[in-house]
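The data blocks that follow each hold one structure.
After this come two complexes, each holding chain A, first together with chain B and then together with chain C.
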Partner chain A sequence: MRTLVCVKRVPITGGKMVLTADGQALETKHLGFTISPHEECAVEEAVRIGGEVVVLTLGPAEAEEQVRDCMAIGADRGILLETTEEWDAQSTAAAIVDAIRREEPFDLILFGNESADAAGFQVGIRVAHALGLPVVTGLKKIEVQGARVRCERDVGGARDVYEAPLPAVLTVLEGLNLPRYPSVPGRLRAKSKPLAVVEPARPEQKLEKLRLVVPEGQGKQAEILEDASQVVAVLQALGVA
Partner chain B sequence: MKVVVIGGGIVGNSLTGWLAELGVTDLVQLDKGPFPNPGGSTGHASNFIFPVDHSKEMTQLTLESMRQYRDAGTLHECGGIEVARTEERMEELRRRMASAKSWGIEDCRLVTPTEIKELVPFVDESILVGGFYCPSVAVVDSLRFGTVMRERAQALGAQVFANTEVTGIDVEGAHVTRVRTTRGDFDADTVVIACGVWSPRIARMAGASIPLTPAVHQMIDVGPVPRFLTSKTAVDFPIVRDMDTNMYERQDGQGLEVGSYAHRPILHEPDDIPSIEESALTPTELPFTQEDFELQLEHALQLVPEVLGDESVGIKYAINGLLSLTPDGLPLLGETPEVKGLWSAAAVWVKEGPGVGKSVAEWMVHGEPEIDLQSSDVARFYPEQRTPAHVKGRAAEGFNKTYGIVHPTEQWESNRGVRVSPFYEREQELGAVFYEAAAWERPHWYASNAPLVDEYGVKGREHEWDARWWSPIINAEHLAMRERAAMFDLTAFCVFDVVGPNALDAVQMVAARQMNVPNGRVVYTPVLAPRGGFKSDLTIMKMEDDRFRVVTGGAHGMADMKWFRDHCPDGTRIEDHTSSVCTVGMWGPRARDVLASITGTDVSNEAFPFSTWQELDNGVIASRISYVGDLGWELYAPMERGLELWDALWEAGRPHGVVPAGIGVYGTTGRLEKAYRAFGAELDQDYDVVEADMAWWKVKGEDFVGKDAHVAAREREPAATLCTLTIDELSRTPLGREPIVREDGSPLVDAKGRRSYVTSAGMGPSLGKYILMAYLPPGDHGKLYVEYMGARYPVTVDVVGSRPPFDPDNERIRS
Partner chain C sequence: MILVHVDSDELSGQAVGFARTLGHVRAVTFAGAYQPAAWAKALAAQEAEAIVAAGSDRGNELLAHVGAILDQPFAANVISLDGDRVTRVRWGGSLLEEAGLHGAPKLLTVAPYTQPAAEIGDVETLDAPDDGSPKVLETVEESSGGVSLRDAKVVVSGGRGVGSAEGFAIIEELAGLLGGAVGCSRVVTSAGWRPHADQVGQTGTKISADLYVACGISGATQHIAGAKGAKKILAINTDPEAPIFASADYAVIGDLHEVVPAISAELRKVRG
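After this line comes the complex of A and B, so read on.
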């Protein structure tokens, strides 16, 4: 069984977003980085399924940190498509497709449903289309059954169930499973697992970013109540007391 | 008093509670964050306390803190073990045993690897040589304690405002007047900055400086640990400090916390700390830098493989935590020298927080803390030590020594060569080995004096630790001085004048001795704290009417200057001459001959008696005093003429065999033979003038700080007396702070509960004996020993009191 999981390095933000002076990016000097919660579940699922697990990312050199994190919980090998720039969804998908075609075929290719920062919702679908593979999105459960995969999607209290032949592309949602924390031996092993670094050529972008804007009213979502009388006033205003 | 405390961490909370306890009613506490955890270092602290420290002051603060935590029901004794992977570390652990005994921490003992395994079963004892076990090591709930203190203050009328950020501090006439915040202005005559890593930023709003730097210390939390699932408390097992790897491991409920001080120093700027809103966790829990912990993971895995090698145990939490580091690793407490009424209570660990809160509150309300805080006084730093280069350089260098083996005389490497005297070039040519004090480079001994070692038959020291940061050349220089004469670079003195029509009033109040003396007199006087202990000791020269020159040791000079300034009435001012005056000391039997050949002024004993000063015909001010107990003078020249003075003395000294000599002689061998006391060693706030046997002068009629307490001390028998002891057979050389014990190993404790320990130690080359000074309770204690590196060495009490073992009638000085 050979599974590829595609991940993206994203910042861990606090309640307040701060932009760089030119408004082009988040100010990240005080931020740590991770992969999005959907992707954490994808990696966990791949490790549980077993066989060879390869993690791929398109990102800066620092994204090696995220690939090693995935290796720490059980991924065997990593591929870093190194770039210092942002790529739109089409280019990202194309680069991933190129990388996949250079590899031995995968049985399963997993994506997070959307990335935690750009949230394009597209890359997984575009990759599947380019490879001519079936794709099922927004999944909360995956079961590999021999040459087929059975997967479930939440639809307001009920579940849609899909079956697809392998190889297939699946995009998953947080809640698919409970990802493990890396162990110390896992961390130490991750240091020496193989990582291939490639520098793909960035094609002309179909999407041009003008600037980022922090919406009004984002920030304080809570009001601190100083004493009991204020709490009572709020409860009365809500009509519950 | 109208007090505003800025900061709601362990220090701010403890201080606010204690201020209220001590009767401050107009009291406001602010923090820009929420309670109970506003997001400072306290919020993510590991919360464990190892009480034993080589510093008496830090140990006292820690023991007091533990008492408070315990009284508030927020302390859990779990025990702790400092483990050794090397024999060198075991030696250091024996030193810690000695300190435990000197400061009265009972029940500590050295343990074998097998015993460590019994106490902490998940440790791999096969990589250990032994350990130092302290059963009273505890874990505390610093947030809960802080809340208790804050609520106690509120019950007594204090107002507490969370989510209130300070935007400015107003100062008028060098006195604090107001704190400006996002919630409005608060008038205040007393403001305390207890802001942890933010303190320098807040201080700068008032034009003051608090010399600390925020720095990272990494920690991770792993779990769930199978063995901990059946634990009865959050910390069932003793905490382990893996000293040789600068790490610790402690149980935290079902998890294990692993912390490190081993990584590269990672310093941050106070202005660059993220806000609460911007932070993913809190402003002092910064993103973990994995690469800085890689080696540490391996080290920790070696020590606790059962836990960390378990694949089911996950790394759940990992941060680069921020804490405060200072240039000398000690806290920053007290009124800032720049702004009256603006206090600092910063760079304090959870283990000292409550003790600091009480002590600073006492200092603010009573004018004096019960625990002597001289080492932590924020006023101690010279401007050269407040620069970013100094603060960061030393903080970075000190960081990796957090669990280090630090020799008592070990020298810093960073930021050297900052203050040099006019004679520096000559000293370098003479092969001076420079030690640093107060940012000054001072020769400790001179390599060019090496031939003296054979000439005087001086022996070396056998053991590497004893011989470290020492040279037999020191003893040889001493003997050359006593036989001929030696010249010393003493430019590092802090020299300042008290000037003005009321200058006499100022010095009378500060100095214990009578200062209404004729022009030309030099007075060596104690400076007392309000309750009669020592605040300093220094020399005051009556220069002219309305002008007194204070000459004090470099290390404590800035705090002394502030103390004098605080007691200057209107119209009296302080003039700092430290950077305009250089000093050469010339002492020994030939000193007069040398001096006489460079000046026409009559320097005979009749014309120039002891304890007086004169301006010589060449413009040099000569003061006839002697900290080495020999004939001679301190010679002061304007800085720009210093080289000329040095060269003149050098030439004049050639025919007499004068040698250059360093602080090894001036600070240790010379004075120990004469039983001269040193502030910070024998003299501190814990002991009074009678106990130090320095009360040979009459008590003046005029009032002075500490007078009532001093008079009372003279009227009673001292609980202990400072003695000069010698080691019977010279083999090992204790270096200071070792306990003095009886035949059965039991410590000596006086009626005030103070234990006897070595306050100063060093060779007395002219006596051929190794000298120790210690306060001993009265009575016959039988044969006494000094405990050093786990062994006991017999000692003899040579003198009870201050009579000098060498030249007891002071014939040399007065010749």
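After this line comes the complex of A and C, so read on.
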């Protein structure tokens, strides 16, 4: 079994969105970074399935930190497609496809269903089409059964069941599993695992980010309630008590 | 002509409403088991200036397939389109992006609850031959006891401040008294105190309650993205500077371990 997991470095945003002066990005001077929550579950799932686990990311040199985090919970090696700019989903998928073709074959290629930041909902699907592989998205359960995979997706109170032959592309959601925390020995081992760095050329962007805007309507003035009787009065006024 | 994929989802009416602002709408759907790659192939084969769907799980998935098949850009969760210029939501709605959408046909989904719903009108059923790609084989009904988080009128939710899995007893008690559902923040599910199904947030459930009661939740943007569909938010937190208060209609500055049981006791008292 050989699994590729594609992840994206994103800031831990905290309580408020603050943009850089040019409106091109979040101001991250005081923020930590992580990978998108869905992807944490993808990495955990790959490690549980077993075999070789390769983690791939497209991002800045600093994204090595996130690849090492994935190695600390069990990924075997990493591929960093290094760039200083943000890429649209179409060109991200094309760069990933190029990398996969150099590394094939994989039995499973896992993605988060959408990234926490750009949320384009499409990179995994584009990669599957380019490679001629089946794809199932939005999964909260994956069972590899020999040369096939059975998977389930929540649909408002019920679960849709799919099957696909391997190799396949799957995109997952948080809730698929409960990702482990990296252990200290895991962190130490991660430092010496192999990381390949490639610098792909960024093509013209067909979904071209112009600027980011913080939506209006943030920053309400809450009415302070002093005690339980005032709270219950509000509950009654709202018709929920 | 604007091709719109519709299904039984209430968001389809919003997508049609948005599409009518762009041009003449042709609403289409499919029969039989959901098979996204095959359905997308049929959508991609139609002549259209734009192909539109709701920004639902299936809408985003179908349009991503169409984008891959046509090798054209696809903008998910759009709130406006003017020529080549789109505005779309990022970070679960905490941020907007203005972007150039340089493709034809224009491929986009409409961000949920950002547009008024319209009458869908006539819907044509397209053929989508089974191409062997993954499709829904069966649908398993979940036997969920209690009130579902997504549809609950009241959600009482706990965060890091609750302190432990056992600490949720007082949250459950208040939710029970209000006939509501129990929710929680991402910190809580990551710690294993509650199942992921209880998580309110960008990567959890997006609620639409009349009242959301946030207890000991700081109010990270990831959480607000799931809670802001509530009509009113009551936040209980010891920290008057907690970001949750910037999204709240009502605030109690205090320790949830005292405030929540006191509210439950008061409710019992007034009910006699």
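In the analysis below, the second predicted complex is superposed on the first by the 223 of 241 C-alpha atoms of A that agree within 3 Å, B and C clash if a C-alpha of one lies under 4 Å from a C-alpha of the other, contacts with A are read in each partner's own complex, and residues count from 1 in each chain.
Please note the rule applied: a contact is a pair of C-beta atoms (placed from the backbone, for glycine too) under 8 Å apart; a residue touches a chain by one contact, two chains touch by 3 or more.
As the structure is a prediction and not an experimental result, all values here were calculated from the model.
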Inset, instruction - Pick one for A:121: touches chain B only (first), chain C only (second), both, or neither. - result: second
Legend entry - Which superposed partner A:31 touches (first chain B, second chain C, both, neither): first
Inset, instruction - Give one of first, second, both or neither to describe whether A:16 is in contact with chain B, with chain C, with both, or with none. - result: both
Legend entry - chain B versus chain C as contact partner of A:89, first or second or both or neither: second
Inset, instruction - Have a look at where A:224 lands relative to chain B and chain C in the superposition and call it first, second, both or neither. - result: both
Inset, instruction - Using the superposition on chain A described above, determine whether A:184 touches chain B (first), chain C (second), both, or neither. - result: first
Legend entry - Partner chain(s) touched by A:146 [first = chain B, second = chain C, both, neither]: neither
Legend entry - chain A residues touched - chain C or chain B, whichever exceeds: C
Inset, instruction - Across the two complexes, find the residues of chain A that touch chain B and also touch chain C. - result: 13-16, 219-220, 224
Inset, instruction - Under the touch definition given earlier, write down the residues of chain A that touch chain B in their complex. - result: 12-16, 18, 30-33, 65, 68, 180-188, 191, 219-220, 224
Legend entry - Of all residues in chain C, those that touch chain A in their complex: 34, 36-37, 57, 60-61, 63-65, 67-69, 71-77, 85, 87, 89-103, 109, 133-142, 144, 148, 150, 153-154, 178, 180, 186, 189-190, 192, 196-197, 199, 202-204, 210-211, 218-222, 232, 234-235, 242-253, 259, 262-263, 265-267, 270
Legend entry - chain A residues touching chain C - in the complex, by the definition given at the top: 13-17, 26, 36-38, 88-90, 93, 114, 116-122, 125-126, 128-130, 134-138, 152-153, 155-164, 168, 173-175, 178-179, 205-215, 218-220, 222-229, 231-232, 234-236, 238-241
Legend entry - Contact footprint of chain A on chain B as seen in their complex: 34, 162-163, 222, 274-281, 286-288, 290, 294, 297-298, 300-301, 308-316
